[in-house]
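In structure tokens below, several structures.
Next, two complexes with chain A in common: one pairs it with chain B, the other with chain C.
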Partner chain A sequence: MISMNGEFIAFFLLSVMAIAGAVFMINFTRVVHMILALAFTFLGIAGIFVTLNAEFLAVVQVLIYTGAVSILMLFGIMLTRHRDETRDGGRPWHAFLCFLGVGGFFALLMRIIYGSPFNGETAKTETFSVSGLGESVFKQYVIPFEVTSILLLVALVGAIILAKKERS
Partner chain B sequence: MDYAESYVIVTVFILLGVALPVAALTMGRLLRPHQPTTDKGISYESGVDPTGDSWIQFNVRYYLFALLFVIFDVETVFLYPWAVAYNDLRTDVGLFILVEMLIFVFFLVIGLLYAWKKKVLEWT
Partner chain C sequence: MSAMTFLGPVVLLLLVLGFVTIAILFERKVLGWMQGRVGPVQVGPWGLLQTVADVLKLLLKEDIIPGKADRILFKIAPVIAFVPAFAVLAVIPYTDRIVFADIGVGLLYFIAISSITTIGILVGGWSSNNKYALLGAMRSAAQMISYEIPLVMSVVGVIMAAGSLNLTEIVKAQESLWFILPQLIGFVVFFVASLAELNRTPFDLPEAESELVAGYHVEYTGFRFAFFMLAEYVYVFAMAGLTTVLYLGGWNPLFGWTFLPPIVWFAAKFLLIVFILFWIRATLPRIRLDQLMQLGWKVLLPLALVNIFLSALFKEVSGIGNFF
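And now, the complex of A and B:
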């Protein structure tokens, strides 16, 4: 039996927020509204991270996804021809087939989830600290950390080359 | 007070933050006169009648600025745990911790210099 404590209510509301943002994003016809709905979803997921005691991850989620990635998508969309608001309403059987496919996938997934045994205890979430994260990143995973910076450099240089080629 | 319970205060703040503009705008809607004309709907452009559409295709420069923002945002995220764990790690691995972050920043500075060289940072 699920107890109605504050964590459950928070999780419920945040999940509704995340799912509603995703559904609205698919259903909106204007791309800018879609990005706003997506940012809403990102915020809901950040809230779920907070309920899991992963506050650092929540802050990172807000900083990078809600802030930076949304802006990036927005400007990416602004580059395109975005006045198109045509709706595809011609094929009713198309929606039905989609529903069948998604419903079948959902049933399969649920069957697998309920059929698989979960052995052992779940990981404790209370012991997380930013200092511990820093120690593991900068002591244990030094090479992946440095490779990350090279990855970012490659992304930046690649984007500049592509943008410059397009203009000339 | 329990640590998780302190988030009740955060929730109250969020609710207040949402409620305040909603209440202010609702009060404004109730109090103000409502007589819309097409002239009032025109967007204000320094007293000049606007021409064309507001939905224009942006310059690619905006996108590059956004990308620079994302990349240095990611760098900032790595700086947080580094700064928090700095003192512990300095007694542990010495100045290597500083060198690590300098290498990381160095690669990103190369990217910034490349962007500068390619005139991404200029508005011509």
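And now, the complex of A and C:
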């Protein structure tokens, strides 16, 4: 049984915040409103990271997603089609089919989640520290880390080359 | 949970409001003296009540929302801009005992939360449905994104020297030598980038009166406008506090003069930074938009990277390695 302690209340509020942001994101008609709802979801998820003692992850979530990604999206939309609204397609059977598909997918996911047991022990998150994270990333997993960074660099250079080609 | 958990932030809010009131008057006085004027003198003795009168006037003004504006966003934009400004003050250690939230990633928290204000500015500019407001908001967002990178890169040197992201630990690492000396390049980059983040002269392009009327808050009146101004000055408070903590040794005394309490040392360094901000405003002209981007990407970012490289290099040299 779930006890009503502060952690549960915080988790409840933050998850409602994250889910509400996502629902609003889908239901709003103006693109700018959608992005704000999305930023709200990102904040909620950052809050959930805090309740899991992953402070570093939470702060990076705010820095990258709420700060950078949302602002870049807003920036792009305001510069291009900032009066745009999405309209209903007017196809009721379409919505029904979508509902069936999504419902089926949800049932499948829930079945898999509840059917598979968690292996291994739960980590002690209370003693987690940023220096510990740094040591495991830069000592134990340094090769995957460097490969990932090179991959991102290649993607960045590729994006610049593609953008340059379009202009000329 | 003690009573201070709830009372402390309220006291801090009142202190910050008091600081903003005095800071605006001080800024106008300093600007006046530097330009051979006297500044405000009419309201109260020595013009002391000028800001109070201005705020009262703003409160009494009619609250106008433009007809074609996006009403909901127009109303919440000042809130989105102000809340992060106050939230970042939680992690600044004023002395070794006066600190509200001593979290492990304090420095990153400050930088992350302060970037949310940009959303408030963008939304305010967009929802006003005015081309000057939109242009101001665009400039502000572009500027904040491009100067956040050198700002973060310049503090990496401090993080390497202190070995921690916790602001209290960073201050404690400066007991023998303040980071402004070994991290001089980092300090210069940090200070210039923080000026740009604060939207202050010479980087006040988002509010350039002569080209944009007033920038993103041109359609705002009354108390909503006051909130944008308040957010800006609270950021002055926060940024001066952060500069003190990162580079000027926080509450650590100079020359071992411990007869002054730590909070006085903190306040003295903090006020020095605030004065330098006003001094720069009185001295430097505004730079152009293309110069702004060139300075950010071609000068400050490489300098910050060089600073990281040098810090890592000097850390391994015996003798001076202790200071880096």
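Operating definition for what follows: the second predicted complex is superposed on the first by the 149 of 168 C-alpha atoms of A that agree within 3 Å, B and C clash if a C-alpha of one lies under 4 Å from a C-alpha of the other, contacts with A are read in each partner's own complex, and residues count from 1 in each chain.
Keep in mind that, in the parts below, a residue touches a chain if its C-beta (ideal position, glycine included) is under 8 Å from a C-beta of that chain, and two chains touch if they have at least 3 such contacts.
In this text the structure is predicted, and so the values were computed from the model without any measurement.
When the shared chain is aligned, chain C comes close enough to touch A:62, but chain B does not. In the superposition on chain A, A:6 contacts chain B only, with no contact to chain C.
In the superposition on chain A, A:80 makes contact with chain B only, while chain C stays out of contact range.
Of the two partner chains placed by superposition, only chain C is touched by A:33; chain B is not. Look at A:142: by the touch rule set out above, it reaches chain B but stays clear of chain C. Contact with chain B, but none with chain C, is seen for A:153 once the two complexes are overlaid on the shared chain. Once the two complexes are overlaid on the shared chain, A:163 sits against chain B while remaining clear of chain C. Annotation for chain A, partner touching more residues between chain B and chain C: B. Shared contact residues of chain A with chain B and chain C: 56, 60, 63, 67-68, 71-72, 74-75, 78-79, 82, 130-131.
Taken in their complex, chain A has these residues touching chain C: 30, 32-33, 36, 39, 55-56, 59-60, 62-63, 66-68, 70-72, 74-75, 78-79, 82, 129-131. Remark: chain B residues 4-5, 7-8, 11, 53, 55, 57-58, 60, 62-71, 73-78, 80-86, 88-89, 92-93, 97, 100-101, 103-108, 110-111, 114-115, 118, 120 touch chain A in the complex. Contact residues on chain A toward chain B in their complex (touch as defined above): 6-7, 10, 50, 53, 56, 60, 63-64, 67-69, 71-72, 74-76, 78-83, 130-135, 137-139, 142, 145-146, 148-150, 152-153, 155-157, 159-160, 163-164, 166-167.
Those residues of chain C that touch chain A in the complex are listed here as 70, 73, 103-105, 108-109, 111-113, 115-116, 118-119, 122-123, 126, 134, 137-138, 141-142, 144-145, 148, 163-165.
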